[in-house]
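Note that subunit A is present in both complexes that follow, paired respectively with subunit B and with subunit C.
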Partner chain A sequence: MGLLGVYFRRTVGILRTEVLVLPSRVAVLVFIVALMALPIFTQDYYFLRVLILTSIFAIFAASWDLLSGFTGQMNFGHALFFGVAAYVTALLNLKLGLPPYFSIPLGAVGGVLTGLVVGIPCLRLKGSYLALTTLAFPIILTGIVFAIPEVTGGELGLAGLSRLTGSRVMDYYLTSGLMLILGFTMWKITDSKTGIILHAIREDELAVRTAGVNTTRYKLLAFCMSGFFAGVAGGLYAHFMRLAGPSGLEVGLSFQVIIWAVFGGMVTIYGPIAGVFILYPLMEILRVVLDQFPSLPEIRMFIFAALVLLTLLFMPEGLIPWVRDKIETECPRCKVRNVFSRHRCRICDAALD
Partner chain B sequence: MQFLGRVGTVLLGLSLVLAMCLPVGAVEPIKIGVLGPMSFTQGEGHWNGATMAADEINGAGGVKVAGVMRPIKLIKVDTNEFLSIPDATNAVEMAVSRYKVDFLVGGFRTEAVQVMQDIAMDAKKIFIGCGAAHPELCTRVTKDYDRYKYWFRLTPINSKYLGKVDFILLGTAAAIMKKTLGIKKIKVAVVAEKAAWADPIVNISQKLLPAKMGMEVVGVWRPSPVAKDCTAELAAIQRAGAHIVFTTFSSSVGLTFAKQMGELKVPAAAVGINVESQKSGFWEATGGKGNYTETINTYARVAITPKTIPFYDKYVKLFNQAPNYTAGTYDALYILKEAVEKAGSVESDKVLPFVEKTDNVGTAGRVVFDKSHDVTWGPGYVTALGTQWQDGKIQCVWPYHWEKVFYEGTVPFKLAPWIVDYWKNKK
Partner chain C sequence: MAQPFLEISGLHKDFGGLTATNEVSFSMGRDEIVGLIGPNGAGKTTLVRLISGILRPDRGKIRFKGKNITGKKTWDIVNMGIACTFQNMRPFRRLPIIANVMVSCLSPRAMKRGEWVKKVEAKAMDALEFAGISDMALEKASTLSQGDLKRLEVARAVATEPELLLLDEPFGGLSPAETDLMAKSIARLHKGGRFGRLHSEGPAMIIIEHKLAQLMKIVDRIIVLDFGTIIADGTPEKIVANPEVIEAYLGEGGV
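Moving on to the complex of A and B:
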């Protein structure tokens, strides 16, 4: 009982001193609590389906940010990792009968190996050359998928995978829980020594190399890590949709992930997650609203595109960094963030104005 | 007392008016979800066919369910399936769980329809497919009947049968050329867009034409599905001495190819699949150069059944275009109406046996579902059509006394005059 009390007091202390002092952290806490509590209030199949797919795509978008945002390795073919992992997961499940808790991690390993396969030839490439090369990979794989339909199912894909869990609510908790854990893991990676090196490679690779760091190894590591997280998303997708098909390799999906990440805010991890959590359900809200006006032409994609363009016009860094800069200020002396209403830093007491 | 009596009379009168109004408002409509990519021609076809049928049924009083006339309410479900499969699944899930639809019709892209099928089967909703041709969708019914029994395919006929019709059209054109021009051995150029779905047709053509149909394959050409110039292929085909160009096109290349073939007056008949030439705008889009292009089709202004021509004319009048095969939603609604009325219920399990026993004279033929819940193909059932552009009109040219099948209004297949001149002068 005493031990519990100690833990409780420590938790309250952390909440009071670390979380409640910053609006962005409060927003994250509210988001987590709301996400976990949601099925208590509604178990609507449609609502949960949208949020399950949102969580899966949030992992996928964050994994792109890890590679392209933090390391600067501009990947225009990120669907490759997603698609390969989906196919590996599907094959393991359908051919070997492996359940999702084995097939998904092994599918993610497929994503890691794909990261290596793509990473090695791309090491010498930069900028638009790298982007175009990465764009080619999923297109090549789509050709292979159609060339060996007996293995890949051709245009039909591989259907009939076992369900993720037994129920929609469990699917929801698994995907949203994994999204939170993997999102936090990616964020911690970027905050670690490795993350700082990755960031430095993005800013000035030559300088990092002259400092004695093997940048090749780190770039490959970024490809593999990104491949792993995108692979988990691909595996979850395959089991939830019960299908791994050529649509998982489409160029459209690769561009979609970039739109989500850039809209939310690159080089943050949480930005792309927020981007997906805003834009993906927004498309569904638009569907519901526009359904009330059946005489209107199909303008969902137009509204979506216009909104993204307007947002990026006024918030070039992305939505979340823009909001964060409005509600928080950085201390010029100790670089700690403070709520915008404070005049002096909560840590070093320096003037904030 | 007299005042109370008057008030009582007024109240009684009001109650009677209310009682007369209430039953009309209280009748629950039968909700049918129409699934399709609504921004595209295919989705338009789904919606147009369904609205036409629903308006007709509702105009006639509705569907009689256990003695009560219930109207049909259509729910437009934009699946956006060409661009996003998750979008398609969300749309179907919404239709099923939010709008509580009783039945589903439509669907187009096979990969998406598979997932939509799963959602419909989870919810035990009868789903009549009007768009995806892959046989696997119905194979699922035979493999796992208990789960997939609610799925039926109405249009088009499955791709195996489409392949059969494709080769019958080729054989018919070849026979006409042999007879008219006295050619002993027909030379065929196989031209298929570079797409996965066309690969099996190309492979089978190369084997079947020389081995079983006594024709010579002079070459295989695979232009891009979005090619804007096919003159190189057409020049090569002419040099190869082809009598027939066996086409397999579903994309815009069909338009380019047909137009340039007419411009160059290539002395070969274009026969096979060309989805672009099924559309009403084909003539204008090719500037009339697509004349004599033949393709497989579902609808034309011929009396496949007594319902076809009235349906075709009304569709053209309402939507200013000819119906494509996704407009099969029209027949789907009538099949559901018939089954619901016989079952006296909208519950899937009660309606299912009656849909299975469907023997309905629809607009595209007599609809009978086989054991895999696929529409039966063949003489006396749905046959599909061969249509050819002839001087600005899309004409049905097949079946033309094939297996004793002839639809009133069908005309003979025509060879372009420059083809006839070229091969007659060549002798």
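Moving on to the complex of A and C:
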């Protein structure tokens, strides 16, 4: 009893001094609690399906941010990692009968290897050349997929994978839990010493080399890490949809992920996750709402585009950094963030205005 | 016979039809500070970039402490002990200043040395303190003035704990007071002063500079480049009296 009391008091202490002092941290806490508690209130099949896909795409968008946002290796073909991992997972599940908890990690390893294969030829490329080259890879692979239908299932893809878990609610907890864990991991990576080097490579690669750091190694590492996380997303998607098809390699998916990430706010990890959690359910809601008016032309994509454009026009850094700047101010002296309503820094007591 | 510390022989580099360095050869010792001067476009920066591995020579050899380093990767050369700064500063603008220096401290060479400071942050702070910008450690690099950016460049190079430091116009764009301070820091670094806690001895240096009056106070030897060729090599006193140098670079007014 005494020990429990100590733990309880310590948890409350951390909550009070570390979490509740900042609105952004409170928002994250509320988000996590809401995500975890949601199935208690509704177990609607369609509703959970949308949120499961949202979680999967959130992992995917964050992995793009890790590579293109943090390391500056602009990847226009990020669907490649997603698609390859989906196919690897599907083949392992269908041909070898591996259950999801083996096939998804191995699919992610497929993503890592893809990262290496793409990363090595892209080492010498920068900016738009890199972007165009990466754009080509999924298109090439789509061609290969159509060329060997006996292995890949051709246009129809590979169907009939085993279910992710037994029930929809378990699927939900698995995907949203994984999303939180992997998102936190990615955020920690970008906050680490490796993260500093990745940041620096984006800013000025030559200067990193003259600092004595092997940039080739770190760029490949970024490609591999990004491939891994995108691969987990691809594997989850394959098992959840019970299908791995050429749609996972589409150019549209590669651009979708960029839109999500840029909308939410690049170089943050949490930005792209928030971007997916706003845009993906919104599109589903629009679909449901607009279906009530069959006479209307297809204006869903138009609304989507207008929303994204307007957001970026007024918040060029993305939605989440903009909101964060509104609700928090940085202390000019110690650089700690404070609630906007404070007049003196909570750590060093410097004036904030 | 002992190996020279740095030995350059027949170093040649063309950019298209333009010869940047033309069969340059010289060598320097472990405790020397060499000034590298010459008119704009004489190939000074190219020479420094060839030594630091940013550019690859067409012909010729660079030997550092008896080892051939020609054509090696920049990071390998830095980890062998040659650090360089850029003439037009290249900070990581969106990173805090301390993170700028931490990148250097995370290089394999810096990680191996200075066992007594385990923490990378502490090492980075030490380099910043040496450069005199430790009070701004948390500011973004984009907020720095020209002079402080120069200091940051030096701090980043020093943080890799080099044995040979290549400084490309360390006084460029600095006010007279800042220039004095920088010159003092460089002289102190060479002696193994404040930062000498990390070094057994201060690094040898090659300094490219146009501010001759300042340069002559700290260097023991000056090499003059013109059209990619060494036209003079000697003590500062000899160089200013050399008629060829006066014609090519100094002008009749002298220093």
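Descriptive notes on the structure:
Heads up, the rule we're going with is that the second predicted complex is superposed on the first by the 353 of 353 C-alpha atoms of A that agree within 3 Å, B and C clash if a C-alpha of one lies under 4 Å from a C-alpha of the other, contacts with A are read in each partner's own complex, and residues count from 1 in each chain.
Keep in mind that, in the parts below, contacts are C-beta pairs under 8 Å (C-beta built on N, C-alpha and C of every residue); 3 or more make two chains touch, one makes a residue touch a chain.
Source: prediction; values computed, not measured.
Touch criterion met: A:Lys335 reaches subunit C, while subunit B stays clear of it. Touch criterion met: A:Arg209 reaches subunit C, while subunit B stays clear of it. Look at A:Asp291: by the touch rule set out above, it reaches subunit B but stays clear of subunit C.
Looking at the shared chain after the overlay, A:Pro23 reaches neither subunit B nor subunit C. Residue contacts after overlaying the shared chain place A:Lys193 against subunit C, while subunit B stays out of touching range.
Contact with subunit B, but none with subunit C, is seen for A:Met283 once the two complexes are overlaid on the shared chain. Common to the subunit B-facing and subunit C-facing surfaces of subunit A is no residue whatsoever.
Per the touch definition, subunit A reaches subunit B in the complex via residues 44-46, 49-50, 53, 146, 149, 154-157, 159, 241-243, 245-247, 252, 283-284, 287-288, 291, 294, 297-298, 300-301.
Contact residues of subunit B toward subunit A in the complex are 38-39, 76, 78, 80, 83-87, 89-91, 93-94, 96-98, 110-112, 114-115, 118, 134, 136, 196-197, 199. Interface of subunit C with subunit A (complex): residues 52, 54, 73-75, 78-79, 83-84, 86, 90-96, 99-100, 102-104, 106-110, 120, 138, 156-157, 159-160. Residues 193, 196-197, 199-200, 203-204, 206-215, 334-335 of subunit A are the ones that touch subunit C when the two sit in their complex.
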